[in-house]
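A, B, C, D and E label the chains in the order they appear, each numbered from 1.
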Amino acid sequence: MDKVQQFILKNKKIVSLLGAVIVLVLPFIVTNSYYLHICITVCIYIILALSLNLVTGYAGQLVLGHAAFYGIGAYTGALLMLVFHVNFFIALVGSAVVTGIFGLFLGIPALRLRGDYLAIVTLGFGEIVRLVFVNWKAVTRGPAGLPSIPAPEIVGFTLNGRTAFYYMALILTVFTVFFMVKLINSGVGMAMQTVKNDEIAAEAIGIQPRKYKLLAFVISSVFAGIIGCFYASYLSYVSPTAFVYNTSMTILTMVVLGGLGSIVGSILGATILTILPEMLRFLSDYRMLIFGALMVFMMIYKPEGFWGASKRRKNIYKINAGGTDHGSDT
Amino acid sequence: KSDSIKIGVAIPLTGASAQDGEAIKNGVKLATKLINDQGGINGKKIELVVEDDKGDPSEAATVANKLAQDKDISAIVGHFNSSCTLAAAPIYNQVGVVHVSPGSSAAAVSKAGDYTFRVITTDAVQGSSLMNWAVKDLGYKNIAIVYENTDYGAGLAEVVSKAAGDLNTNIVAKEAYEVGSTDFSTVLTKIANSNADVIIVGGLYNETALIAKQKNNYGLSKMQIMGVDAIYSDALIKLGGAAVNGVKLTGYFSEVSKDPVTQNFVSKYKEAYNNTPSTYAAYGYDATLVIIDSIKKAGIDRKAIRDHMATIKDLKGATGSNSFDENGDVIKQPLRLVIQDGKFTITEK
Amino acid sequence: MFFQQLINGITVGGSYALIALGYTMVYGILKIVNFAHGDVFMIGSFLGLFCMQVLGMPYMVAFPVAAIATAVMGILIERVAYRPIRVADSLAVMISALGVSIFLENLAMVLWGTGTHAFSGISGITITTYEFNKVILSNIQIGVIVLSILLMIGLYFIVNKTKIGVAMRATSHSIKSAKLMGINTDRIISFTFGIGSALACIAGMLVGIYYDAVYPLIGYSYGLKAFAAAVLGGIGSIPGAMLGGFVMGIVETLGASYISTGYRDAFAFAILIIVLIFRPAGILGKKEIDKV
Amino acid sequence: MDQILKTVNITMQFGGLTAVDNVNITQSDGEILSLIGPNGAGKTTLFNILTGVYKPTAGQIFYHGENITGLKPYQLVRKGISRTFQNIRLFNDMTTLENLLIANPDCKDEGVFESIFGGEKLKAKRRNVVAVCESILETLKLQDKIDELACNLPYGKQRLLEIGRALATGADFLLLDEPGAGMNSMEKDELAQVIHYITKDLKKHVLLIEHDMKFVMGISDRVVVLDHGIKIAEGVPAEIQNNQQVIEAYLGKGIPDDE
Amino acid sequence: MALLEIKNLQVKYGVIPALKGISFSVEHGEVVAIIGANGAGKTTTLHAISSIVSKSGGNVFFQEQDITNNPAHEIVAMGISQVQEGRGVFSNLSVLENLQLGAYLRKDKAEIARDFTFIYELFPRLAERQKQLAGTLSGGEQQMLAIGRALMSRPKLLLLDEPSMGLSPLITENIFRTIKKLNKENKMTILLVEQNAQMALWASNRTYIMETGQIVYNGNSKAMKNDDFIRKSYLGQ
């Protein structure tokens, strides 16, 4: 893995160009809808992992209920489309706003709580949100879920093919990556990292930890909400079972396994953990057994994650400022 | 092309519904084995492609994509949970491949598409039949509903409430529990303090057994328990012991049915797996029979299979005779069953 | 009905408390949340059943035997899955624990099938109920409550009054410093996992006998609630775990009986969140001193 | 001379312990003031009060005549007060440069929208921030460690970096808590030069705590001595060195060369 | 043979060597000092002796026994006790409990009681603060506690890592006097790591100088005090 990492870092330009081309023409090579579906799922999880990584990996707030935001986004989007018949793209904005508000709401306990106490609060929040989906039948139809969610439409043109969804997922992913890279290397992102490192020291240089914690929560949940809305439209069906504690833990595992506080790490983690269980399908009854053992093994083998933040690194802030450095760790 | 016919099987093999998924798998395998032993269909053996949907809709969508894209797969048995069927149906319908659900009884499945079939009736059918029995024949006036808080349990509870309303009886308690609960003390205490005279369970055998056993600790040892086919499983009796004697339920499958197809299924099943089939094993068996019949008659073309399946009338299966309406919903009449001396028996009362 | 529900709540709470003690001990010493603990509870319960059903032990024997077997398993889990990464980020250990949890659940499915197993007729304990003034209480309920309180007191004594207890607290503060005192920290950590796992086994068997059921996924909800209970009481605090368990059990039971059964778990988590907002370190938790 | 800092009857109690007891100190413009005293005298506690980490049990603090009692640390930074810590508190996951960048007001006040979509204006601003921070690092002779993670720096360099970070906030008043601890004598000489540069060239004000008497007496204009939370002496270094009370409580007689 | 004998000791952190093969010895009844710049590897040396870090090469002998691969707790049991850099007191335990932990491996109750009296006489401040949580003590108080705690194990060899760090001149002086006293009156062998070269030379019989993982100089402390090069480079005179 280290060698791979080094190789990629050395030939960064070529690798990224190659990656970009492959990703763009993928639907033409892969006509198999199952593989395309896996690719879309990978995109969804990349966005979920990146958004969780912001709040957990960068701002240092352990969140065990990320699926709740994903779910709130999905339900908000679904209801906007089904009940108010708004266009998908407006629903996307609606989901972002609503989840953002919930993110703010969950951020408040984060101001008072530390570490594992916050973790359990977010876990509890996730469970409560799920139970609201289950029990608030008048709005959510309870456990039955909301079927027949429409596909996105642009000027009367319905984008319901797998390929269309793939490109949409791709655009969302690229935007998220772009956003996160810019953000974490900006003043805002660095301020978040100071909060993770040492709140007292952060305060001592004029940073208000609560502001950045809230900001991290809000941004993180907004992205989860957006992709939730996409998920609702893609699957055309949402039900509470998709937004359970297990989902939250899967996303967290992606972030940690990939490398906490690393964008490449989250992307890798999401990809591997989406594809791995698929590859293990042949094991049938033993699949999850082996998967659990592999998880332990991977953590022991590389506790800092596949792409843990490297020891020596360059800062994009400086490069953006016109410095001459070309390396960067993202 | 190939010398075998492939059938997909998409069911939960891990997660909370794994036990039922396992039963369905056994039923499907049995049906396949029986036909293969006779030389297959037109000389071609049936091959199963089994996938685990974990009972999770997102996972179901993945599995559905995988099976639907495999052009060699002619039809699919699946999914079990209604939520999974609803998530997977759009995919099968878009590609145009038939799937026959062995367990999804929610109302919404009716509208899931032309390629969606099921061999279990909707909850409404069993729910109202159960309530007719309870109210009209058994004379219960105050009904307590205890249901699992899932699409299935909540759906059934709703159907039962509606039927109770139509029959002018009172629902005196309507309590939910999470799947996998072991503690029913709260719910049973509430029921003990209502004046219910029957508990209708909207859930599966494990929890039903626990309710039956634990109710005795709350002075409810005389309380009648009733349910539908979801509780038909040997596990209910094994787990519930004496406490489940007298439990009444509706269903389509009965081990003691005189029907020769059913008897054949039961005896072959016992032979193959060395235990008694549950209702879901029977549904799995029937879903496979329906597919086999269609392939026999229409070949392996996916569209042709669907078109034939829509016309199936009175195909004999382990759960009675199967006919489909225009929604792909099966039409059949439920039986009345009661547990006596640790055995499911057919009753008229 | 109120008193009956209160008793029901206390009984559930007692089982949460027993599991929460394990969470709290492991957390107290290693500052990691052992997400596999709920599954250790499940395996413990199965092992107890196995001892009685297959090996034919009477319950008086099965309890200690299963508890010891589970303790050994807990120690093994720590050795294999946590010890190699003890120095790494605690999140890495948490994910490893999650892996162990998935592994154990699926292992149980392979070993004992996916279904639910009963204890009745096997344990040799018959449930007897006593009625006082319309409130019904069973012998096992009394057992759960009494045993959890006794075990808590015992544990509290060990941690606060014995030499190994001081060593545990020293290890919890800094493994390096504890080593320099001559403490065999690996052994202390193993001991902690062993005790925690044994407690989980006892809880598993009590729950199994009382509700008459065990199945491979049972650890999930019990584990989650017990974890929440440990935090509610103040994670790291032994009386806290106890109190947290009871509060949690009572609140969810009363919430379910007077408001809505569908939201049962939501009451448990809501009380947790509310308490933490006002007492960020839990009911009995101590605020960490952070001398600048 | 202008008065920068003035405390009025500052008192801090922890439970029954009075860590700082009715302390009045003042610091004038251009003056390097040192705070010395036995361990546990309350020096760090006083720093914590001055920088808003603790709220004093009683008393007021005035900064340039303005009452700043009870303000939060981040608010005080904006007023121009910054500090270092007795136990180093750097941002260990961040590089040397990043530790400074984020202290710079222009950097930490960046908005989310600006940082994602900012164009040339942002670039120019950032160029300036980087230049400022790099020049601070040069002053501290840390320029060759610029991309090193803070936790990988040697101890002495970490102390310097903390001073750099305090400087980067743009504060004019720096409170340094034992900046020389853990440094050898050569490093301490360099430290003294840095402090001189900060006060004499940059015209900033320094209040420092230090136990190395050679260092303190060499650099300070005035010294305040605390003992058991009480101010027991204050004056120019020469006075303090000969103050009998200070010798008894703090300095000791020293180890004779021939012992 | 010497009480402590280090042969070609090597330690790596990841790939970076912190000790590049050092050898030295400490005789019975000696005070030996190691001085040197930041990051020279002084702390690492002590950690390697106590088996807190793993060694990548070389051997450690104590009382003629090879203890290179013994775990930390066994080394303490053999009579090597370390006062950590930065004190390492158990901040959530009381002063009393910290001291009790120092005697963790001992069973001789009466002797332990005597040592308590001895330590409270040595550091009266600790006697006053027995019930206080160690984390709230001031730096100097914590240093006293750390030394007191190490003495509670009645070590044959005491390793001291920068005992003067952050301490007032008076306390530093007291601590160094205590070190000398322990050595003289209690016949304790001491290996002392110190930045304060002046104090180190004063308190010790022999001194080693370390730089970047190697020993670059060693000699008699008295002589070194008068050595011009040493005076210039390490004493800042």
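Keep in mind that, in the parts below, contacts are C-beta pairs under 8 Å (C-beta built on N, C-alpha and C of every residue); 3 or more make two chains touch, one makes a residue touch a chain.
These numbers come from a predicted model, not from an experiment.
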item	value
Minimal step count in the chain contact network, subunit B to subunit D	2
Greatest separation from subunit E - chain, by CA centre	B
Euclidean distance of C-alpha centroids - subunit A vs subunit C, Å	32
Length of the line joining the C-alpha centres of subunit A and subunit D, rounded to whole Å	41
Inter-centroid spacing, subunit E versus subunit C (mean Cα positions, whole Å)	42
Sites on subunit B at which at least two other chains make contact	14, 149, 176
In subunit D, residues with contacts to at least two other chains	44, 53, 85
Residue list for subunit A, restricted to those that touch at least two other chains	134-135, 200, 285, 288
Residue ranges of subunit A in contact with subunit D within the complex	178-179, 182-183, 186-191, 193-194, 196-198, 200-208, 215, 219, 261, 309, 311-315, 317-318, 320-323
Touching residues on subunit C, where the partner in the complex is subunit B	1, 4-5, 8-9, 11-12, 106, 109, 113-118, 120-121, 127, 129, 136, 138, 207, 211-213, 215, 217-218, 220-221, 253, 256-257, 260-262, 264-265
Subunit B residues touching subunit C - in the complex, by the definition given at the top	14-16, 18-19, 22, 149, 175-178, 180-187, 189-190, 193, 206, 209-210, 213-214, 217-219, 235, 238-239, 241
Complex contacts: residues of subunit C adjacent to subunit E	163, 166-167, 169-170, 172-174, 176-185, 289, 291
Of all residues in subunit E, those that touch subunit C in their complex	50-52, 71-73, 76-77, 81-82, 84, 88-93, 97, 100-102, 104-105, 133, 135-136, 149, 153
